[in-house]
Structures are given as structure tokens and as C-alpha cells.
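Since the structure comes first, as C-alpha cells, the remarks are kept for the end.
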Amino acid sequence: MQYSTAPTPSDPDTRPLAAGVVGASGYAGQELIRILEAHPSIRPAVLQARSEGFDDISAEGLKNCDIVFLALPHGESRDLGEQLLELGTQVVDLGSDFRVDGWTYGLPELHREDVRVARAVANPGCYATAAILGVAPLAAAGLIDGPVHLDGKSGVTGAGRTPTDKTHLPEIYNGVTPYSVTGHRHLAEIEQELGALAGAPQPATFVPHLLPSSRGLLVTAHVRLVSPLDQADLDDLYRERYADEPFIRLGGMPAPQKLAGSNVCWINGWTDDRTGTVLITSALDNLVKGAAGQAVQNANIMLGVDESAGLTVRGLWP
Amino acid sequence: MQYSTAPTPSDPDTRPLAAGVVGASGYAGQELIRILEAHPSIRPAVLQARSEGFDDISAEGLKNCDIVFLALPHGESRDLGEQLLELGTQVVDLGSDFRVDGWTYGLPELHREDVRVARAVANPGCYATAAILGVAPLAAAGLIDGPVHLDGKSGVTGAGRTPTDKTHLPEIYNGVTPYSVTGHRHLAEIEQELGALAGAPQPATFVPHLLPSSRGLLVTAHVRLVSPLDQADLDDLYRERYADEPFIRLGGMPAPQKLAGSNVCWINGWTDDRTGTVLITSALDNLVKGAAGQAVQNANIMLGVDESAGLTVRGLWP
Amino acid sequence: MQYSTAPTPSDPDTRPLAAGVVGASGYAGQELIRILEAHPSIRPAVLQARSEGFDDISAEGLKNCDIVFLALPHGESRDLGEQLLELGTQVVDLGSDFRVDGWTYGLPELHREDVRVARAVANPGCYATAAILGVAPLAAAGLIDGPVHLDGKSGVTGAGRTPTDKTHLPEIYNGVTPYSVTGHRHLAEIEQELGALAGAPQPATFVPHLLPSSRGLLVTAHVRLVSPLDQADLDDLYRERYADEPFIRLGGMPAPQKLAGSNVCWINGWTDDRTGTVLITSALDNLVKGAAGQAVQNANIMLGVDESAGLTVRGLWP
Amino acid sequence: MQYSTAPTPSDPDTRPLAAGVVGASGYAGQELIRILEAHPSIRPAVLQARSEGFDDISAEGLKNCDIVFLALPHGESRDLGEQLLELGTQVVDLGSDFRVDGWTYGLPELHREDVRVARAVANPGCYATAAILGVAPLAAAGLIDGPVHLDGKSGVTGAGRTPTDKTHLPEIYNGVTPYSVTGHRHLAEIEQELGALAGAPQPATFVPHLLPSSRGLLVTAHVRLVSPLDQADLDDLYRERYADEPFIRLGGMPAPQKLAGSNVCWINGWTDDRTGTVLITSALDNLVKGAAGQAVQNANIMLGVDESAGLTVRGLWP
């Protein structure tokens, strides 16, 4: 049998802005297409990938795009990114190539005004987004004593679309698997951003774990304080920091399964007087706020569109 | 901490039509609210449930609604449904009370014109929707020899929000569990609809199975034929039957995990000459096309709204 | 860090019989080793595989084994199997190469006496074991009218240790995926065995499905009858057929998750008078009764050891 | 249909020691029965529970047992435990009633000689076992600076057999759920044991998380050091501490899914010079080393049986 017509979103031809997606066949690329298909003002105009059914990857093919999203494997964005900038195209790179001491770090909750004027934005890592947003208010207030202790848990989509021995279902089912215990790629950007907020180096330990699930991510932070803080003050600190943020949710018990498809980062914190620590949990959808959704959020800001455009959907749950 | 503002869909105050959701705290009720929050012309105006945070259940509180969705446990819709009709409110019942020899059977692909003029519609069961849509073209063509053999597989949300011993995660994880082998509730509506299409009684066997998953449903049909059919004729039969249907997808390998949040029923069929049978698989999201989405599709038709309104979202996958 | 001593089973040096495992690094090979490590009279003496840490694959290296298990990918057993027979070694092949019109078909419940005198046994497929054991009593009684309709569901270990695009966790999570709808490899052996029991060709349809789980398998059979049968007669038929079988469990609701690590095939059947059919479900652990356990059961019989030796463990559940 | 004979382990009548299991219908109780059925010298002689099919709970019915396992909900062991001691029966309590400042704390790796002469043993909590064994060498060496930061992840069986809203599959599937962030029941026993090793109070933070899985548990510890330690010294510290332990495995990447049914606690540690910390992960099967297996290990020691008796099975994986 052949496909019949599936329901289509509103006509993309009337949308004023054209986006290119490079790496359109991967999970982040597919998620970008899904979000852009329902976006009110940006249309997914050019789709490039190494897989069948997509255009070949080339800067030339993207030159008429208002914004280009690079969703390539880590380490493969550098040349194309620089070519696009020379062509005058605005770029959001979802890889890690430009995140540390590179392009504008595209975490709107910290760098919105920089993103607004940037032509090249490095979209943060998925774990890094949850970790930084979770700990930022404490770092900015100068409250952290010593390294931050971060524990991450992510579904398998975080490892990409290419099957590997380590992510094969029978290897990880009915369990949980730590990996990259002392050297995960996202650690550098976490320390860069928390250090900038604190005005001093802010080391961190970060142990990521693979969940027996597909989508969603949680970071739990154990943070020692330089001086005591009561729960009401902690709550105020977060409420004030994130007062007008459209994609931060505070309170309750953050759980990534309630955020599938949503661009929200859900954060809560608890003071533990006994140990002089604060415990923070932050949850998000690794493919949305941790990748494609945040990239669209950045593009919205760069292009002068409403920051929430195309990103207002509620999490699909259960 | 307390919740800060989460992103909200476009302002419901401007939407002309008011919906009531009774049983708003259950999974189908929650899914109705999720869909209606993003609906362009129907607003979720009254939310009733026995749980805290909702209005008490009463016909009186619903009398100003243009449409009322009843998402109550099976067997509990009858009285309220009849009261609402007396008050002049249009009703879509998601329970099984009125499906057999009762209200208009709300499967738009079979009964669209009846739904258009109905004031009371019984929304089909989730398994029944997949089974009937999958086998309907063969039944209508008079091609079926003897009972249809149906095998269903569903995620746990199909059993509702109340935890039970039989759906407790450790009981069903890493396996698959048959249940109600000879007497599932949906069998009667399946036989009713297929029989009506065939113009003669059409018996069926139906064995449902619980998957170790949350959402999504697949029905596999083994259908003996009265006379041989080649693959091209089978494909034509389905393409013609479902030519203009917005929510039927044909071809490929139907898999419910690709339809999460979508109102599509995905069907494919294969002829097996060796045995004189056709094998059909039909997949859907049990909470959307199998419940809340189909209910909104029915409401759209009843209210004269575009049938696809609020239902064009693509499946969230992976 | 390095491994310290893990608990070890009773000393293998005192066991009289030596086994070779070829393909020791795959899931079936690993399961064979696990079972043989705790076997009272057979020791895992030679382990060959293409992976590091194992001996190279060679018939010569196996010539002193009392029994050799071939757990190679389908299609790769033929040459080695024939060489081993020439060397005088007894062989159980877990692949499909010799199952149809080949070596003795190693389903002890049907062919125990043939296995006892065989030097070369083809171990049945995992789905085939469940399907044949489930339907055998009806076939042998001549009760089946037309094709048997079989619906299979299996965890991902059934597809082996090599990761593929189709078994990648995000592709199959939260759903169920049909495959090989009209032409699964096990269909031929199912029809061969049921036909032999019936004394006439016995066609079957068989639709396998991939579960979002790791281990365990269920086959559901819809069987039309040539003449009515009441439930008590059906129960008697199965009880008599399997009266003294150590690895058949009858009654209740078969569920593979309760059989993890067990060599039991769990079967139950229900008559459906309305449609003149019987519905049968059979569950097993695809790596044990569907592969390594049944291979050891065959080896026990061939070597004159107690048939249950090494196979008495209860399913690990939950 | 009715059950036919399933394979049975070796005859319990010849085993010299009688065990009672109170709470035999729960997950820990069922696991105790599974282990004892295959135990060479202890037989499951008396099974008491509130559920049908078991004896009523009474001290009188247990008085001839050599050992009684109490696997009751937390808080329900106290009276029965004390009655049994008065009757002269040895007791292992799997609940939390006697763990803090109560009976001998039954972690054999720390208290083997105390257990050997104890008549009443409190079996440690599942998280506590992993946390204490993971951090004990550092605590005993006086190397820990400030609170230990513990992050736990567990399958749903850790929450018991009674279904609840919070453990209902659709609520936790495809995600991970923190709970009891600042006040988990096991924290007190963790601090008690680590403090005793350190010779000074040893505070800890502990955030537990519910996995979308059934069995298995991992604790990740972030430990700041009072002075630097290189990797070789860390490895030596653990190897020496656990040199002859039958149920400690060191090295590699601990993952609970590889330990299903095994009594092993699998530990590894990494030094992180940059932050002056050590990162430790410890995995175990929460129903075995975290409950029933450790209880049998304690009983073996108390009764003068080989400590590993009945506990040598390898993890069932995949």
C-alpha cells in the first residue's frame, strides 16, 4: 500500500521566514522539522542530510535561508558553520563545536540580549541546559561552597539515532547505566556558565546515567552552601530569577515524563539544614528544551519573532 | 516552591464554542483538556470530576455548554447522558454505555453523515476503532469467510488511571499479558459494525494483550477470504475506501509508538496466497484516535467545525 | 579497578561430560554458559567465538567434547555441523539450518525418543517452540479446520546481540512493531511439525511483533475447529498430551515475564463456542525454552543424563 | 485448565534446617521462597502471610523454625520480632524497625562476627546496602570531607507489591522520578554505619529516584576528600577492604541489570583530581543483596552454614 494524505498543519507558504535544517534525518533534526511544521512564522524550507530523501549538505543550498539549524554529529559543524556566516546566514548550531569560548551561548534565560544581536549561536547541551538552569540562581548569588555535585539521567535519544552496542535495548533494559563518569562533554560548558555567574571558577562533578527509556532527562544537584539559607529564601531566589521566563516551571516534583514535546525546564529545590546543602532537581525533554526546542527559541529571538512561537505545546503525558 | 507561569496556548476567551468535560481527572479527560486547550474554536469551559480541583459532576453545571464530553468509567454515563439530552445539550460519551444498539456510533469514517445530525454520539472503544477501521473494507466488500481473528496489544493507559494489581509495573514489565481472552467489552461493537458493513452477522475472536508500555495500541487481523485477492486489488480496496479520510494513513509498517498524540489510525494489509488470507495491522494512539481525539473529531462534525480542527498535530516520536 | 572474586558454582572439574559452545559471545551462547555453569554433570569446557576472549572457531578444538552447541547466526552452522559429525561429536544446532527436512527436530515433547538416539539435533526456533507446543494437541487430534492463525510477540533479545536500526530502543519504545508479516523464518518448521501431527498439510498464518522489552515471548493461536469441543474436553486433551512433561505448565494466564530464566513453556486454552474456535496462548523465555535451555534439555536426553538436569530453576519474577 | 507438574528443585525433606517466612506474599517474601527452594540446607518450612494460600501470621506457628525471616511492611515487625526472640527463635527482620540503634545490623561485610553470634539481625535497606558498601572504605580510612552526596535510582519493586498512584506505570514510564528528596528512611542507617566507620558523625545527602523499570538499584556517590588520592591508591583501598568478600565485585561499570537474581554488590570508583573528589557507583538487585539474598546470607552465617549457600547464581542477563 501507499500513504494516503495525512493531516497537515496550516499552509507553510504563507510564513515569512525560511529555515534550513542540516542533519535533518537525526533525532534533533526530525524534532526541528516537527516543531517548524507547526510554527506560525518560520517554515522548514530546506532539509539537508546524508540520508536518502533529503538534499545534499551544502552551504550554497542554504544561502537563501533566514536561519539555519545545524544538527550534525558533534565535531562536524565547524566548517559549514563558518561558511554560512561568511554567506551572511544566521546560524544556530546544536552541536558542541562552538559552545566553549566560541559563539554566543544560546541559553536565553542567561543570555537573551546577546542572542538577540547574535548571528551565530551555539545551542547548549541537553544535560548542560538542565544543570545550568537548575544551579544558576545559587551561582549568581555567590552561595556555592566548592564543587557542585551533579547527577544526570537521560533516555536513549540523548545518544542519537545510530544504534550502538552500549545503547542496545537488552543491554540497558530493567536497569540504569552510568557512563563518562569523570569526563562528559557537557562539563566544560556547565563550568563556563556557572563560573561566569559566580564571578569565579565553579568546578563541578557530573555523573551521567543512561535510563531504560527513550526521551527525557533529569539532573539532580547536591550543592553545599557558604552560609545557611531557609526554604522561603531559596524559593524567593528562584522565583525572582525566573519571574518572567516563559519556559521555566518552578515547584512540585520535576519529572521529565510530564514534559514530552514541551520546551519547559522544570526546576525545584529543597534546603537541607542538617547538611548545609541545597538539593535541586531539573527536568526537561532532551530533544526539545535540550535541543530542537531551545534552538527554535533562540531562532525566534534572533529573528525578532515572539520567543514562544511554535513552542507553546503542553507535554504529552501519560 | 510554587509554579511560575507556564506557556499558554492562544486565548480561549475568543473561541465561540464551549465544551464541558465530565471525568476531567482521568486519562481520557486529561487528554480532552490537552486537545481542547489548543483547539481553535472550542474552549474547555467546564471541567467536572470527583477529584479535588474540579467542579462537582452535575447536568445543571453543563447546560450552557455547546458540547459535553463524558469521560466516565464504563457504566456510569447513562443517567447523566440522558439528563443532558433532555436539557438540550449535545453529548459525546466516551464510555461503552451507548455503543451497542444505542446512540449514533461515532466512527466518522463509517458514519460521518449520521454524526453530523446526531445530538448524542457514542465514541467507539479504542480497540474497536482499530479493529473496525482495519477490517471494514474487507467486510464491506463481502470478502470475509467465517470469523475474523483479531489480536490486540495495548499500553497500560488503556486500563485507566486507577492502579490495580494486574497493571502494577513489576507484574507486566519485560513481558506481555493476555486478558479477557473470550469476552472483551469491545467485541460486541466490533461485530455490530462489521456485520452492518457485511450485511450479515460477522463473528470475531479477539484476544487483547497488555504491553509493558504506556500509550498506543495495535490490532492484528487474520482474515480468511471467500475468494482470492491479489495485493494490488487489496491496496486498491483500501485506497478507495479511505481516499479522502484525513485521519487514515495507509502503507508501511504501522507502529503505535509513531502516533503518540496523533489522531491518525495507521493501517496496512498483506495478502497471503498460500493460506487464502489477508493480514491487516492497524495502529493508533488509544488516548487520541482511540478516545479523546476521536471524541473531538465527532464534536467538530456535530458542531459544524472543520473536522480536523485541533487534531493536526503529528505523532511525537521518538 | 579490577574484578575481585565473584561467587562461583560447584567445581566443574568433577563433572564427567564436556560441552563446547560455538558462538559463545551471543545471547544464546551466553545463556548456554550460564546454564552449564550450574549444571550438575556437564561442564562448559570449550568456548569458541569470533569475539575477543574466546577460542577461535574450529572443529578440531571441539573434538574432545561430548556435546557441541552451535549458537551461530542463522545460515552459518552448516559446514561446521557436518565436520563435527564426521569427527564423531554429538551436536545440537540452535540455528535454523537443519530444522526443516534436516536433522532430528529437537522438540522433546514431540520427538523425545528420536532425540535419545540422535547424534545431530536441530533445536527449534523460539516462536516455533511456543506455537507448536501450543497447538500440537489440537493438530494431533485432527480437530483443526483450515489454517492456524498465529500471532507472536517477542522481546528484543530474540533478534540477537547485534544492534540494528529496527531494534534501536527509541524506535520501538512505548509501542509494538509487527514485522515479517507473511514470511517469518519459523513458519516452515511450524507447518512441518503440525502437519506431521495432523497427518496432512497444516498451513498457518504467523504475524510476529517486537515488544518494547528484552526477554520473553508469547504466541496466541486462533484455531477454528472441525467440530465443537467443550472446555472440559479441551482441558483433558492438553492434560493427557502433556501429563508427564517436566517443562509444560498448563492453566492460568500464561505470561512470559514470569518465566525469565525458566525452561517452562506455559500454555492455556479457551473454547469459544460462539465462533467455533479455540484460543491458545503459550509463553516461554525465548533464550531458555526457546533456545539455550531447550538445547541443554536435548543434550541431557542425548547424553543419558536426567532430562531436567541444570534446568530446574524457577522464573525470576518480578 | 489446571497446572501440571512444574520442575521442582531437589527434595527439601532432606534439608536439616527449617525456615519461616512471614510476609510470604510480598516481593521480598516471594524472593525468599525462591532462594530457599534452591537452598542446599535450609528449607522453606512455614509460610505466613495475610493473603490467601498462606498460614496466618503467628509466633506460635514459627516456634519450631531454626530461623524466621520477617518480610513485613515497615513498622509491623516489632511485636512479632520480640515474641519470637522470647520463644528462642533466631530472627532476620527485613523491615526498618530494628535497624537504627536496635538489633545487630546485618551487613556481613561490616559486621560478620557480630552476625555470627546474633539471635536477632536487622537486614539493611536496599539503598543503604549499596550506599554503605560503596562508601565504607573511604569512611573507614578517614578520607571524607563533609557530607557524602548520594544519588539513588531504583526499580519499582523497591516500593513493594501494593500498587499506588505514584508507581502506576503511566505515571513513571519514559522518565525518572525523584522522591523523598531530603528525608528518605534509609538515610539514618547510612549515617549510622558510615559514622561508626569514620569514628565521627558522617552526614549525607540522599536523593532517591524511581526508574521506569522493575528490579535493580544503583547508588552514585560524590565524595569530597580531605586529601588527594590517586587512582591506584583508591583501587588498592577497595581491593584490600573487600579482598575475600564473596559478594563484592569491583571494577568495570556497575549496572544493576546485569545482577538480576544475584547477591552481588558491584562497586567501582574514580578519582577526579580536578575537583578533589571520588565518584563511586554501586549496583545491586534490590530484592536479593538489597533484601532476600542478604537475609539468607545473614541466616547462613547465624546458622553456621556456608555463607554463600543458595546464593551462587549468576545474574540473569540480558
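Structure notes:
Chains: A, B, C and D, in written order; residue numbering restarts at 1 for each.
Everything that follows uses one rule, which is that a residue touches a chain if its C-beta (ideal position, glycine included) is under 8 Å from a C-beta of that chain, and two chains touch if they have at least 3 such contacts.
This one's a predicted model, so the numbers in the text were calculated from it and none came from an experiment.
Taking shared numbers over all numbers used, the chain A to chain B interface scores over half, which places it in the same class. For chain C, the chain with the farthest CA centroid is A. Judged by contacting C-beta pairs, the busier of the interfaces A-D and B-D is A-D.
Separation between the centroids of chain A and chain D, computed from CA atoms only, is 38 Å.
Computed from the mean C-alpha positions, the centre of chain B lies at a distance of 46 Å from the centre of chain D.
In chain D, the positions touching at least two other chains are 27, 155, 157, 170, 172-174, 212-215, 260, 318. For chain B in complex with chain A, the residues that touch the partner chain are 1-10, 27, 34, 37-38, 157, 173-174, 214-215, 234-235, 238-239, 242-252, 260-261, 263-264, 267-269, 308, 311-314, 316, 318.
Remark: chain B residues 27, 155-157, 161, 163-165, 167-170, 172-174, 212-215 touch chain D in the complex.
Chain C contributes residues 146-147, 149, 151, 153, 155, 170-179, 181-182, 203-205, 207, 209, 211-216, 218, 220, 222, 224, 253-258, 260, 270-272, 274-277, 279, 281, 283, 318 to its touches with chain B in the complex.
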